[in-house]
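One chain, chain A, appears in both complexes that follow, with chain B as partner in the first and chain C in the second.
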Partner chain A sequence: MAEFSPTILAFCCNWCSYAGADLAGVSRLQMPPNIHIIRVMCSASVKPEYVLKAISGGVDGVLVLGCHIGDCHYMTGNHRTAKRMPLVQKVLKEVGIDEKRLRLDWVSASEGEKFQKVVTDFVDEVKQLGPNPMRGVKW
Partner chain B sequence: MARVGVFVCHCGLNIASTVDIEKVVAYARGLPDVVVAEHNLYSCSEEGLSSIRKSIEKNKLDRVVVAACTPRTHEPLFRKTCELAGVNKYLFEFVNIREHCAWIHIKEPLSATDKAEKLIAMGVAKARLLEPQKETESSVIPTAVVIGGGLTGLTAAASLAAQGIDTHLIEREEKLGGVLGDVEVISPEFSKSGDLIGQLVKELKGSRHAKVHLGAKVVAVSGFIGNFEVTVEGKGKQEKIPAGAIILATGAQEFMPKGEYGFKEMPEVVTQLELERRLASGNVPRRAVFIQCVGSRQPGREYCSRICCNASLKNALRIVRTRPDSRVSIIHRDIMSYGTASERLYREASDRGVVFLRYGLERIPKVVRKKDGVVVEVYDETIDEMVDLDTDLVVLATPMVSREDARDLGKLLKVPLDKYGFFLEAHVKLRPVEFATDGVFIAGSARWPSSVTECMGQGLAAAAKASIPIRRGKVVVEAITASADPDRCAACGNCVIACPYEAIEIVEEHGKRYAKVNETKCKGCGTCVAACPNDAMQQRGFTSQQLSSMIDALIKSTEEET
Partner chain C sequence: MVNDLGRKLAKLAFEERGADMLLVMREEHGNVVPAMVPKGEDLGDVRLDIPYQLITILENIYPWVSKGRIAIITRRCDEKALAELVKRKYVDDKRIVRIGLACSEDQIRRCRCEDPVPSKVDLGEPHAAAKGDELISRLEKMSQQERLEFWAGQFKKCNKCFGCTLNCPVCFCDDDCVLEDRTFVAEPSVPPGLSFHMIRSYHMIDKCIECGECERSCPAEIPLLTMRKLLAKDMKELFKFRPGDEKTVSPLNTTLEGEQLEDGCDEC
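After this line comes the complex of A and B, so read on.
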């Protein structure tokens, strides 16, 4: 059987983490091709519903990346992300989904290498978790 | 129904060598509402843009998707093309298949191609739901801040002040001039740095538009293009400077060898900057050996620092020109005397008897103490023999490295640095003195080791760029603000609390209470959107419908695969 190759969705804020991902690209830092980025202006605009929608639709993992605390382009936006995402993890756990399928991390515009590391680690972790049990579930 | 056009860019071989473009284009043709999918060798070239434009017109497209590089550098260009073709620029969607795909999966062409398809499916899904928008304008504070008072910062500040723009120059040392404070003579013309710096300082001091802050540090930066606030601390007091644009010109510093070639152990071994100081005070050695590329062009610091060969040629000439009895050698890995004037210096040095020896990394020279001075033992590749050079002084030409605190400053300004700690411009060719963050500019050795002429050119370029929004007095604000649907809004006030800008209030209109967003205060972060329990609050260009459709597209394309 071919090795499980997870599908991962990432939300990156325009100012730091998306720029960090760009820098990783410019620096040709290699990483697994499982990640698909949606650009948002700030990590604080990521609705919990998006995460739940992705997971219930079979996406194997969701990564939310923002600026480091204190660096959010919108001052305190990511403080909200930092509070909100753990709540979403709780909800996932509550319904029997491993909360590790959602990860929140901070990547600055100059951290191409950190972006590479976060993506690589997360892909590894989701591989360990195996396919999302919600895959293929018809609603 | 939308009429979507998808344009996939080869970016020469940048994307095409990893992603199978033809396959991706064929896939895109099968996506909902896509009426045409094409590919271009370079979408951003004159030719690429005009072919996109023609295709928009010919196929009556009302949604445009370009799959290429990053929106952070190229979005304005493609948006403009849409406008020229009569399509509102907010009906454009960018898909990044270079930085986020081709470049990071070089060895996995198949997976990279699959991924590019999924990313395009997501982009098309969002594009179908895009809506035309109208932009608003915001005012620009007619003041510029220049950080760093070396040659580059001085040049930029003097140029801005001469244009009548109020300019604050922030220098953390007690004097202006930066590196040139220790470099008396400038190659290739052998002009005096004192004259150059003196003239610029005079211009600034004499201008009523310039204010120089010495011994001052930038501790905080907030805001956006047109409306920044730079907090400067120095001499025990803090000042908040409102500014429309910021230029970063903090330069670079000389790399200090860590004991290589007997540095620090032997007083005869010095760095180039130390030699500059000695020559400036009239202390000219009779015998000197320059060792090039000390600490550069080797694993860990692969780059060529660009100015060291010219500095060594200059200083070798200063020695041989003043002392006919002198003996000077330059041990190098390649002489990089770029530019015709510098090439002439190389010729003159050869003619005047300066000896050039080439070494390789596998056999680096050794500095050895002998009874009567020091000897540089070097293996000369050309004659395949060891050569001993007796000398009074060994000059280590070390590279310019980034300032130790560059990363901290990068964080304050939210701008990126490369792996060596130099600041990274938005695009090396298209936007060389701008950061991807609007309103922040970069020039001089802070960006990359640069010569005096280059620093001045970049300083002027950055000043010219920074003056554009200030002169216009207005910047167009991206139409990405939020607004609530009064019919869905329950006036719970969650968004009012969430908004970092106090831009939302609960109002009562026609007997209905709802959250109203103040357009000029809203910065488009979308925080309120995620706080809204009723899905009433939406951010233009990032609506929950649009983003959900992207998620659906990812799910669907994954299902199709398995």
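After this line comes the complex of A and C, so read on.
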């Protein structure tokens, strides 16, 4: 059987993480091709609903990337994210989905290498977790 | 015709606390219905067996009652719901007169309530809190897989009647409820899937006052109150926050240093 290849959504904020991803690409850093990047204006515009909907829809992992705390283009946008995402993880945990399927991290525009590292780590972790159990649930 | 309870209530609300109208449950033609009775009018056959949150009724009629002070019978959970409404400026605190009602043992057992006594008891006898939820201890022993199976099995029974949202005293996003948005919950889908319940759980996380109305109004008997209690516990562990207090600000509306964020987003 072929190795499990997860589908991962990555929400990247326009000002830091997307630029970081760009830098990683321009620097030709090797990364697993499992991530699908969605560019958002701020990590705070990633509604928890998007994450929950994606995971209940069968996505194997969701990565939310924003600017470092204090560097947010909108001053306190990432503070909101930093408070929301742990709660979303708790919701996932209580329902019986591994909370590691959602990860929040900070990547600045100059951190192409960190972007590569975060993505590689997350893909490895989700590979170990296996496919999203929601795929097997018939409604 | 006024019964003894009605006389007691009228004295408390109108004479002692200066209310202009009283929101009560009373018997009319064999049914117990909510009624807003102005001062001086016949209270009728007033009942104390309130089958749902009177606060939900208050919330619905409040925009149409432009002046006067409203007296309302509040259990502990009603009090907390009022605090959440006042905090979000849906209701003016100065226009509400609270008449505290202590829950019966039976009710406490049904809600697995841990905080049943109102701040001021005017009616009823205060009883001790329940010892905790049996289902929670069962769920905590389960593995992740078993838990998902349990909840998926429960949520499969959902027929998307929206009873849990309509009857919830602290569900306020009336017209822009995301659960009615096709983006998140497909329109013809019954059952609506796990995302419906996860999104609702997340939305309630910083305001659920554990009244158990969602569970009581659920025709499919999904143990929704247990889910709320589980998440309230997580909320307490993460941010040391418990909804139902006028003075505390939801951690979702503050920065990491605890400063209030400028725009008060009611939704979160």
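Odds and ends about this structure:
Basically, the second predicted complex is superposed on the first by the 135 of 139 C-alpha atoms of A that agree within 3 Å, B and C clash if a C-alpha of one lies under 4 Å from a C-alpha of the other, contacts with A are read in each partner's own complex, and residues count from 1 in each chain.
What we mean here is this: a residue touches a chain if its C-beta (ideal position, glycine included) is under 8 Å from a C-beta of that chain, and two chains touch if they have at least 3 such contacts.
Worth saying up front: this structure is predicted, and the values here are computed from it rather than measured.
Of the two partner chains placed by superposition, only chain B is touched by A:A109; chain C is not. Here chain B and chain C are compared by how many residues of chain A each touches, and B touches more. When both complexes are overlaid on chain A, the residue A:P48 reaches chain B and chain C alike. Contacts of A:L87 after superposition on the shared chain: chain C is touched, whereas chain B is not. Using the contact criterion defined above for the overlaid structures, shared-chain residue A:A19 touches chain B, although it does not reach chain C.
When the two structures are aligned on the shared chain, A:R28 is found in touch with chain B, with no touch to chain C.
Once the two complexes are overlaid on the shared chain, A:V40 sits against chain B while remaining clear of chain C.
Contacts of chain A with chain B, set against its contacts with chain C after fitting on chain A, overlap at residues 47-49, 53, 57, 76, 80, 84. The touching residues of chain B, counted against chain A in their complex, run 70-72, 96, 98-101, 103-108, 111-112, 114-115, 118-119, 122, 222, 407, 410-411, 414-419, 424, 436-437, 480, 498, 500-501, 523-527, 529-531, 535, 539, 542, 544, 547-548, 550-552, 554-555, 558-559. Partner chain B is touched in their complex by these residues of chain A: 5, 7, 9, 14-16, 18-33, 36-42, 44-50, 53-54, 57-59, 67-68, 71, 73-77, 80, 84, 108-110, 112-113, 116, 136.
Within the complex formed with chain C, the residues of chain A that make contact are 47-49, 52-53, 56-57, 69, 76, 79-80, 82-84, 86-88, 90-98, 133-134, 137, 139.
Touching chain A in their complex are the following residues of chain C: 142, 144-152, 156, 178, 183-184, 189, 191, 193-195, 197-199, 201-202, 205, 227, 230-231, 234-235, 238-239, 251-252, 254-256, 261, 268.
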